[in-house]
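Listed after this line are the structures, all set down as structure tokens.
One chain, chain A, links the two complexes that follow: it is found with chain B in the first and with chain C in the second.
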Partner chain A sequence: MTPRAVLTARGTGLALLGVLPLAFLVVFFAWPVVAIVGRGFTAGGVGAVLGDAATWRLAGFTVASAAASTVLAVLAGLPVAYLLARVRLPGVGLVRTLVLVPFVLPTVVVGLAFRTIWPDGGVLSLVLANAFFNVAVVARTVGGLWSQVDTRAAEAARALGASPWRAFRSVTLPALAPAISSAAAVVFLFCATSFGVVLILGGARYRTLETEIYLRTVDLLDLSGAAALSLVQFAAVVAALVVGAIARRRRDGAARVRSGVDGARRPRGGEWWVVAAAVAVVGLLLTPIVSLLVASVSTPDGWSLAGFRALAGTGVRGTLQVTGWEAASNSLRAATDATLLAMTIGVLASVVLVALRRAPGRLARGMGETMDAALMLPLGVSAVTVGFGYLVTLDALPGDLRTSPLLVPLAQALVIIPLVVRMVLPVLRAVDVRLRQAAATLGASPGRVWREIDLPLTLRSLVAAAGFGYVVALGEFGATSFLARPDAPTLPVAIAGLLSRPGELNNQMAYAACALLMVVTVLAVVLIDRFGAVRGRSAVGEF
Partner chain B sequence: MKRRAVQTAVALGTVTVLAGACSLSGGSGQTGPQTATVTLVTHNSWAAPQEVLDAFEKQSGIKISVLKQGDAGALTNKLVLTKASPLGDVAYGVDSTFASRALSEGIFEPYTSPEADRGPQRYAVDQEHRMSAVDVGDVCVNIDTGYFLAKGLPAPASYADLADPKYKDLMVAEDPATASPGLAFLLGTIAHFGEDGWQAYWKKLKANGLKVDSGWEEAYTKDFSGSSGKGPRPIVVSYASSPAAELGEDGKPRTKALLDTCYRQVEYAGVLAGGKQVERARKVVDFLLSQQFQVTVAANMYVYPARQGVDLPAGWAQAAPLPQQPAQLPADKVQAGREKWISEWRSLVGA
Partner chain C sequence: MSLSVRDLTVHYGSFAAVRDVRLDIADGEVLALLGPSGSGKSTLLRAIAGLEPATRGTVNWDGEDLAAVPVHRRGFGLVFQDGQLFGHRDVAANIAFGLRMHRVPRAEHAARVRRLLDLVGLAGYERRRVTELSGGQAQRVALARALAPEPRLLLLDEPLSGLDAGLREQLAIDLAALLRRSKITALLVTHDQEEAFTVADGVAVLDGGEIRQEGAVRRVWQGPADDGVARFLGVTTFVDGVASGGSVRTALGEVALPEVGDGPVRLGLRPHALRLAGSGGAGSGVTGFGVAGEVTAAVHRREHLRLVVALGLPEMSTVDAVAPVTADLRPGDTVRLTLDPDGIAVVG
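Let's turn to the complex of A and B:
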């Protein structure tokens, strides 16, 4: 084959790989969103809402509070990432697992927990609660890359007389920048579209674009107002993505990863301060969790396991259609489907993205960057917009998916795919091109290069992404509550159902179900980390 | 190398087994050939004993498949959005607040159930009987009776009392924009004080330290002192039936609904226009109005049966009697005013 023919063949191969992710995004995201926003436009009145000063105040508050939460989550997440990646102490494995727990808690439960701890917290409690959910994103994403960053450069800097802080700032931090900016972008999107927490902690006083879109769509059926706000939300999200992309591009290729290294050791000297900070963060994360556990076993008449016993039933007079245990099983099954789907699509998309970035020519790179941003959009668009979009579009597909139980994992996958891409992509890109070129020169096919070079180097990140995706699916509430059928609720949906009824037992059962959700999460994370430890040769989770 | 191959095989095997066992796609129950499935689209509060549904399936050969779609407002709006291609055959849960929208959008088709003359007709909203009343659920101010006894304060009873400085900082209500009891309470004040008077009343409520939450959950379980949450405020906007769920150890209710502050919400069922099994859908409406189903609604959904002569559960007569003179606004008036009132309320009380 001539070089040109090789290039074309590779292009065709890439295009084939890219078809599945693209098709999925178009059918389950772009089409429904465009359809529902389009209805708003045909109704007219979009311009009036866009011209309203209140709309822009709303946008300002949304962006500012999300940015504040993001900064907080990054600051709190970095010491924890350090702990997970670089420190060998008893209990680190436990922290790695525990740090994910906040992420799965239903927003209504965390909102209520914050309300209990802090009755009239206002904006501050709102910002804190959103950060609380997302520390795990930073800790796990940055920690994943950190554990694979070559420590020799930092050690050389230290040997040459740099202080630990200087070595961190000028060697390690730049190497971590892709993961930090990835994590920050994801956290920002989560915070900017956070719904339940804002509703509960913001009360009637603080509103964001997300709560307003929900209100206008679901309660008022004011589709044109919702469409206008969706446009503003969309613009804010795209702006955030562009900023993130620019930050990433500036640091391009900074990280160099090695497989099989284990740079974790006992901390020395000033490093203990970082460990102490991480422990403090973990302690703060555990506070609402402990208060939930306490609530699950306390009644006005003292301690009781009544809530847990009630999990075998369906709540007071059939509040739920299934038992608590069945809801747990539904959660596990839906999350499994969603994770498999999201891993397939997310990894395919990452491979295509990396290839496009590496390909010569502006066009390919431009395509890569556009696709990269497009993959993130599902995180930045309101779940209610997508959900209502499904209502007006998916009946056109065979089998009326609108009422199918399969819609739940599909929608969950939509949320997980961006996370998979963000976790896998930085590591995949950081793989030394020269290794791949050497393998290709020695006659390896592109598939073989991927299997022998990329896969071993990125395996830990793949496992971490799958684990994280699974946990996100377990805790997903926004889209799930919208789509889950009452005969197959997931745990978070069941918990919200229980909390919406009067009666002590329902309340206790809800908290017991939260405890169950936490246990299920911890078990799932332990299992997946174990699996990663076997497959990745060096430990992902050390227990 | 060999060890790696084995590990890979084991890993792949595990993933396959897990994927197979854990998937949602398998294991959904198939119904027999003699039963037909009718989809009932309803709100999140739907709850019915399985035995009653099973008995109906046996009698009629109709299996009811339930699809919950949010609260009454969300349900109505989704039905409107999907009217060209309905989500199901029957809908239950559109309430009097949203009845006008449902009727003017034509989401239901006319059907006069033979069961409707046993009481539901009292709540009829249109001549063509497109919607049949299934139950009524009144929203009333609830109080924690123990709190007032302990403080030696006379319990409040009327709208006017709630604005009395004696009861400063004691009340919590819900945002009418985000919670349906909040909206019902607002409509109650509009019915009571008139379209010109309600704003002045709410100003007084606000000045008297009213707290507003987004949802019923926060208000009732976190801020109200009479629920399991043991919050700080003894006055809350909830339902006439709530005290039935708050019985003390002696079987006596710990809370009370103020019957002079109630607003009536009627919940309707109807046959969805454009559905494929109209005959069976009608049978499901008949079932919802039948004695068999009506006797379950109080215990399961905390609402009152629309049918006459249906017994309430034991204890309700004392804890949660049906309010006799609740306020109510005509459906078309609510439809015309709702958005304006909510936005006026928001600039008055919210923000």
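Let's turn to the complex of A and C:
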């Protein structure tokens, strides 16, 4: 075998690993989407919609409001990331957990909470609500990398005469850039395809591509209009992804993970301002949550647990086909399946992506970047489109997937996979290549190197990604609402069902279900964080 | 049991970091790859390890072409400049890593780890976390880890460069003794001549990606192939002379060099080739009355006083020289310098 043959053999192994994630994306994402868009095209009239100025105003508003929410989420998320990564104060662990809660709240509920604050809706409340959801993405993604970035470079800058702010801006910030741009890309996609919040807060005045697709598909049965808008949405998302990929490529490798160092300490001087900002952000995040919790135990007649008791039933005159507790157990089961699925696919994809990036040659790099972007696409396509597509295509597959209990986990996994990749990839990439080479010279085969070096070093972010994915699956509403059968709703779907039917008890029950969802989420996050930390200490040592 | 490298060329893009290198290491030999930074020596070592694909040329072990053999099956140990210990494992687990990879029965691990820790002078360090080790200790552990699977060739990539001077010297001596005692075949990459001469039997001088000279340590030291190699080996002044009857006559005086054949010869002078007259030095070789000059700079070193002396000769305005530590010399003082064969290399 020549050296080229060795490279080719390695490439074949990679290709085999890459097949599973790609096949999953093709069968459970590309095919349904293409099928549904194709139906729109055969119906005709796509050209007219694309030529309409209103379509482009809609696209412009979607992108602009999503961009505004992204900027807001990043600005609010950075102080919290700092708090999580660099500050040793009592209560930081609690913040780490609490900050996740908004992210997993059902969108319908958050929409309602914000409407009580700004009754007339408006752009501001829309932008704020979308940012509210995503502060956690920024805080946890950036915080994760920040805690592992070597502090000595910033210390060197300080010794060279840089002020703390200057050292942050010119040393730490560039090191964090990969995580920030990753997080921003994810947040932008979440905001651009946000559904429940816009539906409730935007009303008839402010519509985005996502809600318009839903309206045309479900209410107007205008499939060709919906298909045209899906194309526009897709194009906007691809454009955003390309910009993100370019930004990432330029800044890649800025961060070096340094193990064995805990950079967290008590803040000094001006750092207290950052801590104060972080606390203020967390306080703002908690406001709707607290009001929700209060609502779950208050009735016009005073404090009461009536809502929680009602969870054992099915609501006023059988609003639901199952009890609240059954819906909760559906949620847990679906989220578990979705997480297992997404971790398998997402971690495999991350491994392939990192290997491609390390491989010599432009072709491999190009393939890696394309696959990287493709993995983000599910975030950018309307859940409504995907859900409808499932109903159209999955009949063709062996086994009765459409009525299978796996249908909802499949759709949820599709939402989580990009998250898993975005959380695992930066850490995987930051593993020092020479550490892997040292293992190889000691006789570790490429597969063994992954198991012995990369896995232990990234274990913590793997656990974090799994926990994150799990709670996102728990709160997922868009696709689930479309796919969950009426006799097997998840908790968020049940909540939406309860809210859509008038009745004091239904409201009480919905609020109680929200509270339950939050408690389950917090518990899950606490458990996973603890597990990660304990395992981390024994297996990862210094993490 | 030998490594032979033929016509090895490694490109980074269009830049040839290593060009047409030919290299042999015999069984049990320790070869130092000596060169300034950026000379391609680390690239060459990485290509031998299989970490860098070669553009052309071959790396053979006992006649077997290793092109198709991936890194983990070459059986070459590698010690990095900064150790690259596995931070998530303790000292014993780092050393046992290679044993596990080579399926050495688990029951033997503890004993072999203990033996290796003894070998590198860190007995009892098994349960230490690698993050608690000093730089020198970390390099010793890295060495033990690389030796554990009993590699057929040990590759050392500037293993001592990250350490402070005193420690580096001690570790170089320890390393030399360890390699000799265990009869390990090794390739040491370094930019430090002293380290190369302390540790290795043979030396290959690399510059601009090409091997300029290869040979036994003492031969290369005393007879560098050209001015470039000579300069890299510490020569600061060149002087042409004529040899006859075991003695060379130059503008700086006459010096006894019995091994030089009659005829014109080019000498390379290291600072201690010119000594303050009457200050002894090697003594016996010093002949003639030397050359006079004026001190323009004097710096104290550990073992001598280092001088820069202006000679006023047409072909060399200033030279480096040494005086005993006790000599009280300042800029402006007049001195007389004599040649000491100990610091002289014959160039070409």
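As a convention for this text, the second predicted complex is superposed on the first by the 532 of 543 C-alpha atoms of A that agree within 3 Å, B and C clash if a C-alpha of one lies under 4 Å from a C-alpha of the other, contacts with A are read in each partner's own complex, and residues count from 1 in each chain.
The definition used in the following text is that a contact is a pair of C-beta atoms (placed from the backbone, for glycine too) under 8 Å apart; a residue touches a chain by one contact, two chains touch by 3 or more.
The shown structure was predicted, so the numbers you read here are calculated from the model rather than taken from an experiment.
Touch criterion met: A:Ala438 reaches chain C, while chain B stays clear of it. In the overlay built on the shared chain, the residue A:Leu221 is in contact with chain B alone; chain C does not reach it. In the superposition on chain A, A:Asp487 contacts chain B only, with no contact to chain C.
Of the two partner chains placed by the overlay, neither chain B nor chain C lies in contact with A:Ala276. Legend: residue contacts after superposition of the two complexes on their common chain; A:Ile246 is shown touching neither chain B nor chain C. In the superposition on chain A, contact of A:Val290 is made with neither chain B nor chain C. If you check the complex, the residues on chain A that touch chain B are 108, 111-112, 115-116, 119, 199-200, 202-205, 215, 217-222, 299-300, 316-319, 321, 330, 332-334, 336-337, 340, 388, 391-392, 395, 402-403, 405-406, 408-409, 482, 485-488, 497, 499-504, 507-508, 531, 534-535.
Against chain A, in their complex, chain C makes its touches with residues 49, 51, 53-54, 67-68, 70-78, 80, 84, 86-90, 97-98, 101-102, 129-131, 145-146, 148-149, 151, 155. If you check the complex, the residues on chain A that touch chain C are 1-3, 5-7, 259-260, 360, 432, 434-435, 437-446, 448-449, 452-453, 456-457, 539-543. Chain B contributes residues 7, 11, 14, 18-19, 22-25, 28, 39, 44-50, 65-68, 70, 73-74, 77-78, 80-82, 85, 87-88, 101, 175, 177-178, 212-218, 220-222, 227-230, 232, 238, 242, 245-246, 299-300, 302, 339, 346, 349-351 to its touches with chain A in the complex.
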